[in-house]
Each structure stands twice: as C-alpha cells, then as structure tokens.
Amino acid sequence: MKKYYSVIFGAMIGLSAMSIHAKTYILTDTENGVEVGNWKTTGQNYTIEQKVLHGGKQEGSKVITITSPTGLTIALSPTRGMGLLHAEGKGVRLGWNSPVKEVVNPAYINLESRNGLGWLEGFNEMIVRCGYEWTGHPTTIDGQIYSLHGKAQNTPASYVAVEVDDKPPFAIHVKGLIKESTFKKADLQTMTQLTYVPGDSSFKLHDVLTNHADYAHDYQIIYHSNFSQPILEEGAKFIAPVSEVSPFNDYAKKGLKDWQSYLGPTKDFDEMVFNLKPLADQNGNTIAALLNKDSSKGVAIEFNTQQLPVLTLWKNTDTLKQGYVTGIEPGTSYAYPVNIEREQKRVKQLAPGQSVNFDLTYSLLSDRSQIEKVEKKVSQIQGNQLIKQVETPIAKE
Amino acid sequence: MKKYYSVIFGAMIGLSAMSIHAKTYILTDTENGVEVGNWKTTGQNYTIEQKVLHGGKQEGSKVITITSPTGLTIALSPTRGMGLLHAEGKGVRLGWNSPVKEVVNPAYINLESRNGLGWLEGFNEMIVRCGYEWTGHPTTIDGQIYSLHGKAQNTPASYVAVEVDDKPPFAIHVKGLIKESTFKKADLQTMTQLTYVPGDSSFKLHDVLTNHADYAHDYQIIYHSNFSQPILEEGAKFIAPVSEVSPFNDYAKKGLKDWQSYLGPTKDFDEMVFNLKPLADQNGNTIAALLNKDSSKGVAIEFNTQQLPVLTLWKNTDTLKQGYVTGIEPGTSYAYPVNIEREQKRVKQLAPGQSVNFDLTYSLLSDRSQIEKVEKKVSQIQGNQLIKQVETPIAKE
Amino acid sequence: MKKYYSVIFGAMIGLSAMSIHAKTYILTDTENGVEVGNWKTTGQNYTIEQKVLHGGKQEGSKVITITSPTGLTIALSPTRGMGLLHAEGKGVRLGWNSPVKEVVNPAYINLESRNGLGWLEGFNEMIVRCGYEWTGHPTTIDGQIYSLHGKAQNTPASYVAVEVDDKPPFAIHVKGLIKESTFKKADLQTMTQLTYVPGDSSFKLHDVLTNHADYAHDYQIIYHSNFSQPILEEGAKFIAPVSEVSPFNDYAKKGLKDWQSYLGPTKDFDEMVFNLKPLADQNGNTIAALLNKDSSKGVAIEFNTQQLPVLTLWKNTDTLKQGYVTGIEPGTSYAYPVNIEREQKRVKQLAPGQSVNFDLTYSLLSDRSQIEKVEKKVSQIQGNQLIKQVETPIAKE
C-alpha cells in the first residue's frame, strides 16, 4: 500500500526538559488520523526518510532510515514493531544476513504456524524486541500457543514520530508506540525511542513499557541484538563482566569451555546458547561486546541490570546462507518457554498503571582505542571475580 | 491503504417496493471492480462519510459514519463485517470503551490464536454479528478450532452500498455483503442492512442470511450488542419479558438473584452471563432494554423470537479500563461452544438456497416518557407470568 | 491497496539465447524497490494488463491478464503465488467455478485454520502450484500443522516481470518469483514462468525451483490443474497413458472401474481421487487430457515424468454450486500427507544450490483433429501395455 499523504507536521513545540525545543514530524497517529507514507527531511548532517515498501510479503511495510554521512546509517521498521533492521558506519555493518530478505508485513505472518515458530518467517533484524506479553521459546499451555518471542515485533506501530532537537547536539529521536492491547488479556503499551546524534557512532534505545490495565500483568523482554560479519569471524570474541555461564541445553554443553570465542561459518553448527549472569557497577550499569579477531572492530551494548538482569548469548555460527550470526541479548528472561521462566521466577510483573524503562546504548567500535575502553570497562566491573562455569543447564525444555 | 477512486455511482434506480426511488452509492463491489475510498455525501439533515483508516493494526480499515445533527451519529466498519462501532445522540453514547482502541483490520487478526480467543484482539464494537458458520465460546473438535464467535465480524464486506430514499422520510440504508464462502465447507452469505431515518433516535438492522450452497448448512447467530456509560452504572437495570433465567456457569450462580441490576465498575468482577428465555407477543415481537439508575436514559432492542429465540445477558461490570460493559444478545444460540449448542438443539439449519431474516431495532431512550413506553411493553408481554429462576447452568463447558 | 507507480521499465536487453531481444516490464521487484499497480501494454495481437483488485478479501490482490483476440485470454495472480485463475478461447473456458469468487489476498487466509484446511478459503484457480516445502493433505507432526497443499500458492510474488520477445513468434513471458524463505527452515525459491504466443491455443509453464540454502531440503510439488464445463460433463473422458490406477482411499474404490469417465453434476458425490502411474516416451514426455462427451472439446497437459513422475486424478463431480470440477495433477507426490509420501519415498530432495525444472504445456482443444492428435499420442505411448487396476489404496491417511 502506497501512501500519498504529503502533509508533514513540523512545529516548534515544548515537550519536556529533555527536548524543550524540537521539530516534530508525526508520521503515524491512529488516534488522530495521521498517516504519512513516503517522506523525507534533511538537516545539516543527516537525512531522515520513510519509505513504504511493496511486493512480496513486504507489501505496505514502512522503513525509516536515518543517514548521517559522517556517522551511522540506521534503518528501522514501524510496521515490524519499530525493530531495527541494521546500522552501518565507518565501513562496518551491524546486523546480519537472514535468508529472509524482505521486511515482512505482519499481515503475512502467522506466529502460531510451525508449532509456534512462525516468527522465523520474518526474522532478519539487528535488534528485535522479544516481548512483552511473553517471550522465549514456544510452548503450549492449556491449548494456547505461546509463540516464539511474543508479538511486539509483529505489531505495527500505532504512533510514530520523528523529533529533531534544535539545540546541540541536535539529537534525532524516533518514537514508536507498540500496543499489545487485547480485551480481557493485556494492555501493555511500549513507547519505544531511538535516539541518535548525527555524526556519532552509537545510538540509544529508551523504551517505556506501561501497563495500562487495571490489573497487574506479567511481562518479559529480551533485546535480541544480532551481529555478523565483518565483526563476527573465526576468532571473534565475546566479552562481558559475568559471574556465571551455563549452557542453555545439552547441545551447548560441548561449547561451554570456548563460550567466549567464535568459530567461522560452520556447517551443521546450528546454534549454541549460553545463559549468563551479568555483573554491573554499583548503579547496575554494565556492558557486553563482540570484537573481531584482531580487536580492530566491534560492537558494544551498554545496559542496566536493574532493568535487564540476565543476558543470553546466542551463537549461531552456521553457514553464511543459513545465517551466520550471534545474538547478545540482555533481558528480563532467558529464552526458555514462559512456563519455565515463571517457575524460575524470572517473569516480572507490572502493577496497574506502572511503567518500567529499558535503556540500552549500542556503539559501533571501529578502532583499537574504543575497543580498549570497552575492554577496560569490562575488566573493571569483573574485578577479581571468577566466572563460574555451570556444566548443567538450569532448565530442560 | 488509501483509495483514490473518485467515481461515485449515484442513480435513480428502481429497487423494490420499499425504496422505489433512491440514490445509490456503491462503495465496494468486488464483482464489478468498484472500490471507493474516502468519500462523503451531504443531504438536508445528514452527512454520510467513508474514511479509510491508517496506522497500527487499523491500516486499511474503512469506517462509514452517518451524522444527523438532530438525531444520531452512527459509525460502522465494512472491513470488520459491517459491525457497528458506536452510536451517539441526545448526549448519550451507545457503545463502550475496550482496551482495543483501533478498528483492527482482520489481516492483523489470527482468530485461532489464544486457543481460539483471537477475536478479543479486535473486539470493541457496539454491535457484533457473532456467526454465522458458528458462534459461541471456542472449542476444538476433531482438531479444528471453532474460534470465539465465528468469522463474520472479521470478514471484510464484498459489497457495500449506501442508498438514500428520495421520498419522506428519506431513510438512509447501508448495505454490506459478508461472504462466508469456502470450497467444500460453506457458502453462507449475509446481506446486512442498517436503516436510519435522519433525525430519529433509533435505527434498524435487517440482515438476510442465505445459504448459497447446494447442501443444507447449519448456522448460528448472536447479535452481541454492547453498552456502557452513561447508561450502565451502579443501579442500572435490565428489563425484558422472560420466562426463565439461568446462570451460564457456576460463577454466575452467585449473581442470579440480582440478575436484573448492575454494579458500578467492580474490580475482579470479570463477567457474569445469564441465559434468558424471552417472551414475545403473538407475532414473536419482543423487547429488551438497559436503563440507567434513575430511568432517565436507556437503550432498547426490539427483536423477534421467531428469528432470534434466545437471549443472553452478558454482565461485564469490571473496571473502566478493563471494559465496563453489558451485552444484550438476542440470538439463535447461547454462548456455549457449538457442540453443546448442537446437543441442545439450538443450532439452526438452512436448506439449499434458503434465506432467513433477522430484524432488530435499536432505540436510544433519552427521556422518561420513552422509557415508560418501553417499560409498559415489557410488562404487557410479561403479563402475569413469573420469571423462573433456574439455579443450575443448563450446560457445562 | 492501489498503486500509482507509473514508471514502466521497458528496455531492449540481452537476456539469454532464448530471448536475445525482448521488451521487459518489471512489475514487482522487492530487492530494487519496484512496484507497479494498474498497468497495461498493447501489441499487435495482444494486450497485457495488470489490475489491483479491491474490496472483500481480495483487497490488494493483483491480477495479470493476457488477451489475444485470435487466441486465449489468460489470467494469473502474482498475489496468489502466480497461480493461473482461468484461460479462455475458441468459446471454451478452462478453469472452474468455486464458491470462492474473490481472488483472496493471502493476508486474509490462515492456512492452519480448519485443522489445516484454510487453503480452501481461497481455492478457485485453474492451476495451483501445491508445494514446494510440502504438499498434500494436512497432517500434524510434532505439533506442527502441515497445512493442505503447502504455502506457495498463498505467497505473494517477490519479483514479477513481463517480457515480450521482439522476434517472431513474439512470445510473451510472465515471470514470478515465489520465495519460501524462513530462517532455519527453508530457502526454496521458485522462478515461475508462463509463456504464451499470441494467437496460440496453448501456453507453457517453465518453473525453476532452487534450493538457496546450504543444506539439502526436501520438496514436493503437485500441479493442481482444474477444469469444468464446458469440457467436463456427463460422459466426459480422461485419457492418459498409464501403467496403473489405484483408488486414493476406500471411498474411491467404488469408482475404480469407471475411473476414466465422468458423471454430470451429482449431489453427494463429493470427490473421488485416483493415483496414476503415467507412462512416457523415451524422453519422459507424456500427456493427459480431458475430453468432453462427443470429443469436440478438451484440454491436454503435456509434462515430463522425469520431472513429475506421478499423476493424480481428482474427480469432484459434485453439484455446480458445490464445485463441479476435475483436477489433472502431475506431481512428484500423490495427495497423501507428507509423512506418508516420505514413507513411500516420493518426497524429493534438492542439494544446496541445486535447481530442478518443471515444464508443462496446457493446450485448449477445440476441434476433432486436435483431439485425434492427442488420442494418438496417448495410444502410442500406451502401446500394448495394459492398465493395471489396483483395488486397494496404497496408503491410508
């Protein structure tokens, strides 16, 4: 579906202390009947563009791309739950190559197909919010399929706005509201926000999940953050301050001793998953990073363990066509099905009206000095604490 | 999806004795390749407008709104099975507030999700046709999920036309064809019709369900008619001539003695459902109404028990955000799953080519005299007959 | 959804030895952001037109129609997996009348509904590609529903191009790419091609299925080719050189002795299916045909048993409204569920990167001489070999 709306809402409006003055472009607003299709704005060091895609299963999918010639190019899709498709800069691409090439419109996805694995028919993003009503591997409880990684990623945004601050550093904010609202079941609404300062090599996510219902509601979230070449390669390393690592399942046991290093593309590798207990500084801040073999390139994720207490490492170093990719996944939960996560007390709850924030910073690392800084942070937080290697999976699916 | 068709089909055509002369605007006609997007027409005491919605899960959903300044404003959605969203007039709103705010395009609904409760992801209407292939609570028979309340409401209309009579009282008719046509399974087609005379405070539904197949086919229908504030409130009353009331399930037993009065918004109330056997006059005509506490406002539904022999009362007086709402639901069936309804002989059948009509009149009551008339009708039909209170549910899900 | 793209890509480009010079119109290209909506081109003896349909469940479906005044009119739908809707010429219509009248957009189809029979909610085509990830009757294995006849037909094409050769015989080629690409599951891509020479009464399919994955993958395909009146009638005949016929199930046993002749529309007939083992010439080429009673009209399908080794005959001579139709279905598999086909070794496999071709020629036969040629081919291939009638179905669902 192509949109021909040409009215752009730009105004100097007071919003908050954070962005007293900003130009705001509302691209989607279901409540007020606003919808913008193909759209573009250009500033001194950036362009921001929305395109509506067509053909195949991407018919009608929208993609917003921020391009900063001296910094990053970042693409995200309002139609796919504000998921981030990829980012690029300094000759390094963040993201991966899935056999799924299109930005699949959720209208063409049946999450419950393949016994709850329908999500895989659209999965090709760099960052997927796996949640919030549930997450993890699929399971069927009382006849209901809890499909893989929940529904947020396959929910088109109900409100999308681009804000550009008019004071240095002229940050760009892309907001998108994902509503998981079902009569009698849930009213979890997440106002996602991507913030990017043109020229920078990092970007931030600030997501606010609010329980709009009059009843407490469980929530789970995994920030499924996926990277491949040129950072991922044989000899690439994962670093993070952690107190414990354990294999997700029996298959991962054999990879336990090498859990921090990567193979090149490896036929029949499939995936090995490790559950990590991240350490953090006194404020809960921590960092995890993927570095290439010679530590010349990398990507770091800063997050807070008070918001996201656990960390999953997904090593999918299969062949290039099958998907050579690793996931660094801060979350409230590991990837076990919701019933196991609940038993093991990792499912959180929001009181009526309560909100919870998730803040993550993703940084593209393109030289040794940046990488040394990250390594230093990791070792500072790790301190003298040894990493306990637990041999036995903490749960069985 | 936005439509740019601008050709409106208006003509003086002979249709039937009922509307010898009428202006006809065909908004959708899949057979003849007619599709109108945003559209508006204005008459002496009305405007009729179709808008295509965008964003979120309402992408592409169409809404037709009839506005009569001295009467009612009525909104319905061709994309959602010609369901009526809400009506408003004399300072009274008919309808309710669901946590689902968007007019969800069925392309984004999986009716079979949540073990057959996917319907709840789109449910926010004042009047939903629950049918016709099946209705009621979900069940799985021989591996097939009979999802909650059937498919008609999540079927976009194949033909939509607005007719305006050119003779007094210049009635407006909105027709919409809902096809439940599946190779080897069913060819049930329902030509729905909403009739509204500008200035009036009531509107009529006249639906004709036809079995276009060469085989007899079962059908079920519940007119799920839902109301909330300002009529629904603590002390509001339900009145209708009935011979019997029974609780739908064990939970409703405790509400049996107060079945005709309502609580205010009540945390943890969830829903109580009562099965009613309506009484009718000699022609089968009857009436049911919801009145506010001081009997100054209300809504009445007239229907015919030869067409719709049973009546379900759905009391969902939970909190405002959860959905404070009551459903007055004339039907061929109660809300039990289709297998129970079949066992208890409430599933009807249509012979090949046979049609059946459903006629309902909804009236907004905004003063004491109107309400007294309704109360009088109810007591005239009730006469001396006592209402039998059956303590035990007639079926167990 | 209506498209307003008006840029048509026409160019003289070198493609292959087969079509050194051709005009190419790219109508859809997801990779390069090309999408054409309503579109038309006209040549000396043809017009080719694409229309975007609207309303009901066909909202956004595209149909390409080739019209050759002295030959055939052929309609196919990129939105429905390049399926061929119908063809027409010499006063004969190829195709059938399903109770499903719309060209249903797969966004409105849930293949898993009705216990895996959701496909029936869109089925009305003359030629459906049933595959390729799986085909056959539905079954549930380890919780996964293998829905009826696979997903290709309900997958919108990712690339669609019309090519017109600029040398005699000025053949028209309609190409469409159907991607069955799911992370971790499959990357089967089929470049379908319809070739039609204006004025002719036959058309060709040339489909190339490629396994783009790094792992071997099973595939199955049935070319579900469906015909009705005026060819199908009481006394119509099916002819093909075969070595063996067996009933698909117990119900078909009673039709075994009359397996080559047809009834008129017959209430309660439902469907009888026969499994055939086709004979072929030394190159694997064979032919099957449906002829009307007096052998004045017919339709023939030429195919190759090295590509498509088995043949299913689907006799659905039920009433006209229910669907009076027969399917002549060359395939790699019979219509049993995938687990039975696998047990019986009819599921094929493609190595990584491997391709397989499927070539079929469909001919409308409108006079005795054409029919005699077909009859002669059939009897030449059959030779002296008797047709073995196996009484017992080779498998039980």
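By written order: A, B and C. Residues from 1 in each chain.
Quick note on the criterion: a contact is a pair of C-beta atoms (placed from the backbone, for glycine too) under 8 Å apart; a residue touches a chain by one contact, two chains touch by 3 or more.
Computed from a predicted structure; not experimentally measured.
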item	value
Superposing rotation of chain B relative to chain C, computed on C-alpha atoms, to nearest 5°	120
Homomeric contact chain A-chain B: same or different residue positions, threshold half	different
Intercentroid distance (Cα basis), chain B paired with chain A, Å	42
Residues of chain C engaged with two or more neighbouring chains	1-2, 4, 60, 107, 110, 112
For the chain A and chain B complex, residues of the former touching the latter	1-5, 28-31, 33-35, 60, 106-107, 110-112, 142-145, 147, 155-160, 179, 181-187, 212-215, 352
Complex contact set, residues of chain A against chain C	1-2, 4, 51, 53-60, 98-102, 105, 107-108, 110, 112-117, 120-121, 123-124, 140, 267, 318-323
